[in-house]
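Labels A, B, C and D are assigned to the chains in the order they are written; within every chain, residues are numbered from 1.
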Amino acid sequence: MVGVNKKQVRIGMIGYKFMGKAHSHAYRDVPFYFDNKVEPVLQALCGRNEEGVKEAAEKMGWLSYETDWRKLIERADIDLIDIVTPNNAHTEIAIAAAEAGKHVYCEKPLAMTLEQSKRMLEAVEKNGVIHMINYNYRFAPAIQFAKKLIDTDRLGKIYHIRATYLQDWIMDPKFPLVWRLDKEVCGSGSHGDLAAHSIDLARFLVGEFKEVSGIMETFIKQRPIVESSSGLSGKASSDKMGDVNVDDASVFIARFENGAIGTFEATRFAGGNRNGNRFEINGEKGSIRWDGENMNNLQVYFHDDEPGLQGFRTINCTEEIHPYAGAYWPTAHIIGYEHTFINLMVELMDGIDKGYSPSPNFVDGVKNQAVLEAVEQSSRRKQWVSIETIMQSASSTSV
Amino acid sequence: MVGVNKKQVRIGMIGYKFMGKAHSHAYRDVPFYFDNKVEPVLQALCGRNEEGVKEAAEKMGWLSYETDWRKLIERADIDLIDIVTPNNAHTEIAIAAAEAGKHVYCEKPLAMTLEQSKRMLEAVEKNGVIHMINYNYRFAPAIQFAKKLIDTDRLGKIYHIRATYLQDWIMDPKFPLVWRLDKEVCGSGSHGDLAAHSIDLARFLVGEFKEVSGIMETFIKQRPIVESSSGLSGKASSDKMGDVNVDDASVFIARFENGAIGTFEATRFAGGNRNGNRFEINGEKGSIRWDGENMNNLQVYFHDDEPGLQGFRTINCTEEIHPYAGAYWPTAHIIGYEHTFINLMVELMDGIDKGYSPSPNFVDGVKNQAVLEAVEQSSRRKQWVSIETIMQSASSTSV
Amino acid sequence: MVGVNKKQVRIGMIGYKFMGKAHSHAYRDVPFYFDNKVEPVLQALCGRNEEGVKEAAEKMGWLSYETDWRKLIERADIDLIDIVTPNNAHTEIAIAAAEAGKHVYCEKPLAMTLEQSKRMLEAVEKNGVIHMINYNYRFAPAIQFAKKLIDTDRLGKIYHIRATYLQDWIMDPKFPLVWRLDKEVCGSGSHGDLAAHSIDLARFLVGEFKEVSGIMETFIKQRPIVESSSGLSGKASSDKMGDVNVDDASVFIARFENGAIGTFEATRFAGGNRNGNRFEINGEKGSIRWDGENMNNLQVYFHDDEPGLQGFRTINCTEEIHPYAGAYWPTAHIIGYEHTFINLMVELMDGIDKGYSPSPNFVDGVKNQAVLEAVEQSSRRKQWVSIETIMQSASSTSV
Amino acid sequence: MVGVNKKQVRIGMIGYKFMGKAHSHAYRDVPFYFDNKVEPVLQALCGRNEEGVKEAAEKMGWLSYETDWRKLIERADIDLIDIVTPNNAHTEIAIAAAEAGKHVYCEKPLAMTLEQSKRMLEAVEKNGVIHMINYNYRFAPAIQFAKKLIDTDRLGKIYHIRATYLQDWIMDPKFPLVWRLDKEVCGSGSHGDLAAHSIDLARFLVGEFKEVSGIMETFIKQRPIVESSSGLSGKASSDKMGDVNVDDASVFIARFENGAIGTFEATRFAGGNRNGNRFEINGEKGSIRWDGENMNNLQVYFHDDEPGLQGFRTINCTEEIHPYAGAYWPTAHIIGYEHTFINLMVELMDGIDKGYSPSPNFVDGVKNQAVLEAVEQSSRRKQWVSIETIMQSASSTSV
């Protein structure tokens, strides 16, 4: 009985672990909370392990399942391919989906390399499909509200951003070599996993990066090997040790095109910080602070507040006036992590309805990847690396 | 395809505004996040306005709708009646539902008076149906974890609780006389709406109240009358003013059976506090603090921590080890207000499966109502009022 | 060479422990930080133990010492008697000092009983000497700034105050019966020690109390006896136990003359709260929050801030514009507990210069004592007690 | 009468503005709060303007004054020269003082260049005088306690430090070209003023820097010229504009000798941050956080705390067990900025008594200057710069 008169977008999603669960849940909630003209249908879930994917599909409410992603893409009853696989599968699937005329919604980072991500962008553009990338934190109401403040010049010219994304889940040296620590699967460690989010927030709120100088560091060089590395919390299966080939931490400084400067730090070794996605931005007229662990709040400072009464205001961005917030609960009845996905999907459904690719889309994915790659090169070569140069070098590579 | 092998509980819910939305959403999420043996089915939604209830049913995924609650109760395909009406309808519906052999799940406070609530309890007990009352804040993982700490004697003997539930949504004197400010509909103002939650948390974590001394105050004595008072944010429809007959604020001090003492404050006149459901509890071995606007966190202090290193720990109760948290997202990917309902319903489904009424049930509803009523009497008579006396006086009344 | 052209006020101070140290230090700092026309001279320190007082005088910079306070009061070279003895000595000394024509500056609470405090007020008024009482927290710049906000109607009509003063230093049942737990010496426990401060802040910022209902509770009824109970941290000298005859905690609710209502709690049993002197005040136009453990900050909320941007501002009250702050360090180079004494003494010196008794003076001391006594009677009689009644009953007693 | 049996150190201090006031006050307080064997005597204050220095000497309690620092150094009744002049005068004075056999206590940063600072170190070492540099923040009790935690391996191997020192006092483009914005006088802007403090805390708590890559940026390139630029808050005296030749902000990333990595940011353009000297350090066993605006608190996280109960503890470092704290007030009666100077001077007096130069001394001053200079070179050359290289290059220069 739900949404009988609505246009439907039939989703085919590849992958069903942490991100698959987050996406599945959010699709279900879009029509519950919002009045989009277009609503998602959980058409088919895809995974290689039949037992696993079948069980997940039942649990999460998918109408059918597949075990071969190529088959999924071929299905006529699928409108959009949602890619929540590990990073090393993004490129091939996205390009195939685009070529099959499916809209593509991809997890972040877009790919393993800038070159891959540019090919993905080419594919979606050439085939005229709608595309988005899941930088979900943009869609916290506090962040969207921050964007409005910046766009209406409430902060003035931006001088600084300092962004950190701090976790601590692999600090134990006995934590094994799970797939998220495997360069072949992920491309990088904390860099693509965490720094990518900070880079997206910086691009969204501050502007484009110009150049970077960074360090990528692996504190624990060897870890126990696991036989089956599915899941985040793999258990070591033997005494054998393997080399860790991704970064434990990634820190860099940056100049932006508009003259702002920034510091960035992503790490999985910041004890006590479970999911510390935080930043502060300072402009000539005001400042904002945000902490993803208390994501409903935005702290805002205005330099022209009355003397003696200047200070950061703690604003609970849950009022009707705050983006997306009105769709949920009364003021200060807080929402959580999962709602960032719902809000993003509202835009995705709207884009499909109206025929455009809402931001962040693959263009953002490429630009983000360029910054990621620039930091990697900077760390390797111990030099400043300009984004323009990296974009060009990747271009030539991709030809 | 969802839950094919599960036992189903077919819900009939009466009411579909704020609380109706919260309940509807939570029912949908129970099988998504949890593996209960019993799962809820959104069988029928009931409301007096056919257009309204039809639209709400479609939007929220209910399979059918009714406009007469008596009809709903008679339906054979309904197992549980969920009452999310204004308070003045709770008693009649709950008793009728129990007598029809339906399980009953009721919004808080249980009734308008202690006497009513006792009759409701009698009805569910006599008819052997499962019953619960929706004191949802108990089911924040941080609160459940706090309960575990207390039950395992980590705080020792409790000395103090100081609880506040602070809001500010009716501070404007032009805010009209909506139904929540009407004693005939609600029984009280901030008292039954907000203090009731604090009382429940105190009963859950500290123990039973012994006696209270309190003040109930109405700061704005007259407000504009509205013609249609549906919704929280009614607009004044005329220049006519009406008397406010409920409290704007309720404050009281209390002694508990176990010797603890407490201060309580509920108000809708605490500017800047949008939904400030907060408390601190101090025991001989430790203390805890909680703030519902940042509900994932619990602050914990242990008196026997190493000297020099004693201080409140800020714990993000989102780890596998924290109650219910493992069903959601990785650590510190926070959950929100709506998840408290899901967690409570997990218990409700479990109770129906196993044949018991999980706490908080109507027994808790009655005891809570006794404290509410004791404070009202105390305020009216300007005296200390003991809970035992009030329970007995209400008993005799109800005979 | 310091202050050669200034008028001097020669201080004679009785007592030299915690408060004596705080006063001594503050006198020294007044001319360093401020440009008063009158400056204090540390003329003579008085204590019963000659060795102790001599050592203290040397350490703290007093020019001479006495062992008999009556002698001190007789000295012609003393202009002001500063009483920092335990509470049971305040009355006799203050009255004798006033009768000897000395100005009197007394530690809080003013006396053991309302009747004593009224006699003290009579004495200073009859003898025309300047008098003050040391409710030092008033003189945190944040508090003085809060007062300005209230006096300029920035908060509007006050609805609520909730004040707590939470400590935890005697939670250990083995903590001995030091003088601060002896009713003969102190009059009360946490009540006169801590609640008195909250009452003063409430009187200063909200207005006069009308009536109270309270509980005074002693959680640990017996404690080890000490032979020499000097100092806060006395050690038990034997296995003998003695009865604790003062309160461990004092909680009460109050109505104010202007219609505001309040909750108050003072306790030495709130684990993890070392010196938690805190309050929040809500008015029709705004709210303020303060925490003495972070005393430089004031949180301020304005109800008419721009929609979407309403939230408590955290203001570091260390700017030139904040009262007293300009005398110290650049903005946000914070000051501490001891500076509240300096600021108060600036007013005391000014009062002596200009011939008036700055607030808080003995009038405030009496009114504060009336609230303290009303709470004590309320707790004993389990009734509401009005301040007016208590003032009158004490009057008749004192005749 | 104070300190009659104590050894005295007669201070000659050059400069009497902000830092002169802070030093003067702290000297006065050392014997009040502490029982050092050696106590400072405020012998002579020196400044070029006779009227000004005379007034300051009277106000702050100095026994005499001079207008020529060379004369001061020659005086036989001076044991220690305290240099609180602008940076460009440090070197000449310090070397002259050392050669005159005076102990030297110098404000930070030690000099304008590494080369200068090395010559200063040579001078004090050659002449065998005691020397210290005023990195006062080290002496917050919370920082000293943090050092103890680290030294006793409570944090384990250090992985990260992220340090910021954020101010906002020159954000207004009309703020004039005061001496602190003049390279000839200061050497640098926020870099030597603020980053120097963060570098000192990092060296103290983490270890020696190995290499840095940084940006120094001037956001406002021209400002109004002032005729008399005394004081921080000079007023523009004309419409003439001058070039700003120091940095408004300095950000850098660093590798430490022990493998830790760090991010550093100092700026005067972070609106809302009045004096935001903050850092977090993460080690394999635990983490600490500190914020100078709430300097009494240290946040501490231990990775081996009981599962479910892991979180940052907020510790008010005002207990007897915390370094220096016992000399002041009861627990949680907070101290402030000025007490960091007192604590440092306690060490200085002790060093003079026992014949050693307590840390931080000129060795620390030189090492700090090397990091400052490395960042400057890095910013200018857009390269990583190693501290070892910079130390060697400066050596050769200094020959």
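Observations on the model:
Following the convention adopted for this analysis, a contact is a pair of C-beta atoms (placed from the backbone, for glycine too) under 8 Å apart; a residue touches a chain by one contact, two chains touch by 3 or more.
Just so we're clear, the structure is a prediction, and the values are computed from it rather than from any experiment.
Although chain C and chain D share one sequence, what matters here is the overlap of their interface residues, and that overlap exceeds half of the numbers used. Two chain pairs are in question, B-D and A-D; the one with more C-beta pairs in contact is A-D. Computed centre separation for the pair chain A/chain D is 41 angstrom, with centres defined by C-alpha atoms. If you average the CA atoms of chain C and of chain D, the two centres end up 36 Å from each other. One simple way to say how far apart two chains are is to compare their mean CA positions; for chain B and chain D this gives 55 Å.
Touching of two or more other chains is recorded for residues 310-312, 316, 319 of chain C. Contact residues on chain B toward chain D in their complex (touch as defined above): 145, 300, 305, 307-317, 319, 321-322.
Contact residues of chain D toward chain A in the complex are 159-160, 162, 164, 166, 168, 171, 213-215, 217, 219, 249, 251-253, 255, 259, 261-265, 267, 269-273, 280, 282-287, 301, 303, 310-312, 382-384.
In the complex of the two chains, the chain D residues touching chain C come out as 1-4, 18, 22, 24-25, 28-29, 31-32, 57-63, 169, 232, 274-276, 293-297, 316, 318-319, 328-339.
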